[in-house]
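Two complexes, one shared chain (subunit A), two partners (subunit B, subunit C).
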Partner chain A sequence: MIAHSATDSPAAPFVHRWDPRMKLIGLLLLAFTFSFVTNPRVLPVMIALTLVVVAVSRYPLNLLLRRLRYPSLVILGLIALLPFISGFTPLVEWGGLTITREGLQAAILVATRFFCIVTLAAVLLGTTPLLRTITAMQALGLPSIMADMTLLVIRYLEVLSADLRRMRIAMRLRGHAEQRRPWRNLPTLAWLTGSLILRGYERSQGVYNAMRLRGYGHAPIRQSEFTANRKDLLALAGICALSGILIWLELAL
Partner chain B sequence: MSQTTSPAIALNELCFSYPDKPHVLDHLDLHIAPGERVGLIGPNGAGKTTLFLLISGILKPTSGKILVHDKNVVSGTFNPQVTLVFQKSDDQLFCPSVWEDVAFGPRSMGLSEDQVARRVQNVLTIVGAQELAQRPVHHLSEGEKRIVAIAGALAMHPQVMIYDEPSAGLDIRTRRRLIGLLKQSDQTLLIASHDLELVLEVCTRVVLLDQGRIVADGPTKTILNDEDLMIAHGQEKPHSLIPHALPHNH
Partner chain C sequence: MHIPDGILPLPVTLGGYAVSITICWLCIRSINNRQDPRADVPKAALLTSAFFVASLIHIPIPPTSAHLVLNGLLGALLGVFAFPAILIGLFLQAVMFGHGGLTTLGVNGMILGLPALAAAGVFHCRSRGIMGPPSPKRTTVFGFLAGFSGIVLSVLLFALILLTSLPAHLSAAAERSAILALGLAHMPLAVMEGLLTGLLAGFLLRVQPAILEGV
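== the complex of A and B ==
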């Protein structure tokens, strides 16, 4: 669950070493600014800005493409219909289908905004270990209980998926064939799910006991472990300035 | 052990029942001296884990008293003097990374970050797991998890350490490493195990629990050597205590 390309060694690019709190604020600021853009002439600036962030972070391209794979499927499914169902100025007519200028513009706008935001999120979050990102969220005011729940989900998701893997192997070894006559599988899948829920519940009791034994809830509030230096603040100021320029372009062009 | 020092653990007329299972523990009386290493043996369902949860303050006795170093154990309170190493390490290691998990107890005790770091470093060195410090817990092997779980308990500098089936699921090498750790330990140890060879090697005293009652209490070799007693309570005399007419290779 640790980000694959995250490293905070002094030799790593600045984006990796940037104070995660500043990084989160910067990401949110850019995401909101990008979603504010509706002017097609501002889109190239947005794309250029995103590519610059990707380039300076030296985030592995193959990893980025892998991260974008599933979100892309969702958004492409959504925007594929836009040129056909929205707008009124015909651009291309073929058979009974008409592609409209406004629909195409809307699809390009939505797709560009989406890819720019998701790419920035993948790069900025992927260059900080997940645990550090959650700690940074906590330092920015995320309630402790929510941070603890997130961490526990991350920790036990792997344990439960290992349980599920073992149970499925045990089922197969005793002749269970998945996806052949799926309706016949339903009772077995229901038992499997029920067992997993029960195991999860029992495990949660054990985990809670272990947490109580080691004083969960007794720790004094820790000082934030993050300190923003001049470079961190300057980088955030730069992001603020870029957001301002984008908004100005949006209004002026 | 001197009889004048106050016991590390004292159970007086301890009884416990679950709502759906009465008399899980039935009038237990037990005194364990500081620094003693006691093995708790008995068949499954004898009440060993329940007893551990009571001594740790997780469960509340139905009646009777539990004293740890002369202090009454109050259920629901945080008592870093006593720690329990769970049978299932995954239950105990709830933090995402090894360092964070070992640091959890000391942080709960209100130590400064410097003190926490020193303790974590120190216990990871003691258990020989320094190289695991930054690893995510879910990437550890079962043996590594057990060692880290012990480190997490040791980091609290407890006076009493309770182990529930510490060698279950471990390979030979990790089991040997665990035995070494247990033998080096200067805390009071209470170890529940079906691994009677481990009990024989580590513990100086054994308590045999069956159906919620203490049925035998004495020196390890004496109890484990008593074949009739062991069989009567679902146990087996350890192989190493069986006299061999001829030397053999197993």
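== the complex of A and C ==
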């Protein structure tokens, strides 16, 4: 799960109290600017910027490391393979394997962009509760159908996960043992998945009725709960300026 | 089949967002044209939760195991809700577990969402035209086709987008070999998921046929 370190206390660092709408815009702007960078000379600036955000947010390092502990297998595989399978200028030759300069540069570029974007996302999203982030997305124009669906999905993830755990325990108590031939397990897995889907489907009617009784779809439209003050806007302007500098460095260096 | 942040160049990530937002907008417009657009939201959301949780179930494929993707079945059961549901699932996976990415959300939405919509079309062919009401055998066969095509199309899209957007030169022969290797590596998963989706569709037809009519 996401490593949350969110607090609304006035003593908390500004990143924690930053208007979530501005924070989301700033995060996306920086993330997309990072994916624009291809010049190896800009990479140290990108890393420095990321580390400054981590330091300013005072995000707990152990939470951040936990978040970065399992980077995607695709990234690991790519970083390991790119120096050998791409490029054309040999750098090192060893036992029939050739490491190319272009491949090595591409691997470093991918690894740095991945590390910087994932770190920024962990810090900026981890300092706002998820439900508040979704409300901010709705305030930024996310359709209400999608916002309602997202909130309900989060609400019922835990419930259905607990259902799955119980069903698996029940299966084992009734003597279910995994077969050596994988296709022999398929009917059991299909019925387990089907039962989980059925539980969700049957629960949904009750949920809808309860929501209707509470006025779902007929409640007056609420004003946005977010107000951006001068500090919030200045911080976003700062992020825009930093993105502009990165783009300028990418094109000029 | 999630492309993480950092691999794809800006034009591809922005293009992915543009395509995904357009498809999602078309789906939401179709939902909003219904008599009561909000009536099916809880059903779609709870089924999305169930799919999210079910995707944690691993199928043993010796010498390893793979988790279910279920985009074919999701398309078959959720219809136009499938694409928004996949985007929501991918967003939550990126934010809660760090799988996939924020800049690649649009591209990943295309990789899993477009095959889900195609699988929905395949599955609903079982009761179209001269075929009459769907029999258990036909439901199982079309369930298999929906599950199988969902994975195969996703793998093809994943390989094409990844290999044509890498920030390094790959020879045409290396690209072809990589696409072939990725396709072959995912074939057992596609067959297993097809079989599981077929069995599951047959199970749902027996115990709750209304669910197969879509949301």
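What we mean here is this: the second predicted complex is superposed on the first by the 238 of 253 C-alpha atoms of A that agree within 3 Å, B and C clash if a C-alpha of one lies under 4 Å from a C-alpha of the other, contacts with A are read in each partner's own complex, and residues count from 1 in each chain.
In this text, a residue touches a chain if its C-beta (ideal position, glycine included) is under 8 Å from a C-beta of that chain, and two chains touch if they have at least 3 such contacts.
Just so you know, these numbers come straight off a predicted model, no measurement behind them.
For the composite obtained by superposing both complexes on subunit A, the positions of subunit B and subunit C are free of clash and fit together.
Once the two complexes are overlaid on the shared chain, A:Leu43 sits clear of subunit B and of subunit C alike. Greater residue coverage of subunit A by touch, when subunit B is weighed against subunit C, goes to C. Residue contacts after overlaying the shared chain place A:Ile85 against subunit C, while subunit B stays out of touching range. Of the two partner chains placed by superposition, only subunit C is touched by A:Ile75; subunit B is not. By the document's definition of touching, of the two partners only subunit C reaches A:Leu27; subunit B does not. Contacts of A:Ala139 after superposition on the shared chain: neither subunit B nor subunit C is touched. Applying the stated contact rule after C-alpha superposition, one finds that A:Val207 touches each of subunit B and subunit C.
Residue contacts after overlaying the shared chain place A:Leu64 against neither subunit B nor subunit C.
In the superposition on chain A, no contact is made by A:Ile239 with either subunit B or subunit C. By the touch criterion stated above, A:Val123 is placed in contact with neither subunit B nor subunit C.
The gap separating subunit B from subunit C at its narrowest, counted between C-alpha atoms of the superposed chains, is 9 angstrom.
Residues 1-2, 152, 154, 156, 159, 203, 207, 211, 216-217 of subunit A lie at the contact with subunit B in one complex and at the contact with subunit C in the other.
Contacts from subunit A toward subunit B in the complex involve residues 1-2, 131, 151-152, 154-156, 158-159, 203, 206-207, 209-220, 222. Contacts from subunit C toward subunit A in the complex involve residues 2-10, 13-14, 24, 28, 31-32, 36-39, 41-54, 56-57, 59-62, 68, 70, 77, 81, 84-85, 87-89, 91-92, 94-103, 162, 166-170, 174, 178, 192, 195-196, 199-200, 203-204, 207-208, 211.
Residues of subunit A that touch subunit C in their complex: 1-2, 27-28, 31-32, 34-36, 38, 67-68, 70-72, 74-75, 78, 82, 85-88, 102-103, 105-106, 109-118, 121-122, 125, 130, 133, 143, 145-146, 148-150, 152-154, 156-157, 159-161, 163-164, 178, 182-183, 185-187, 189-194, 196-205, 207-208, 211, 216-217. Per the touch definition, subunit B reaches subunit A in the complex via residues 53, 56-58, 76, 78, 80, 83-84, 86, 88, 90-97, 100, 104-105, 107-110, 113, 136-138, 152, 156.
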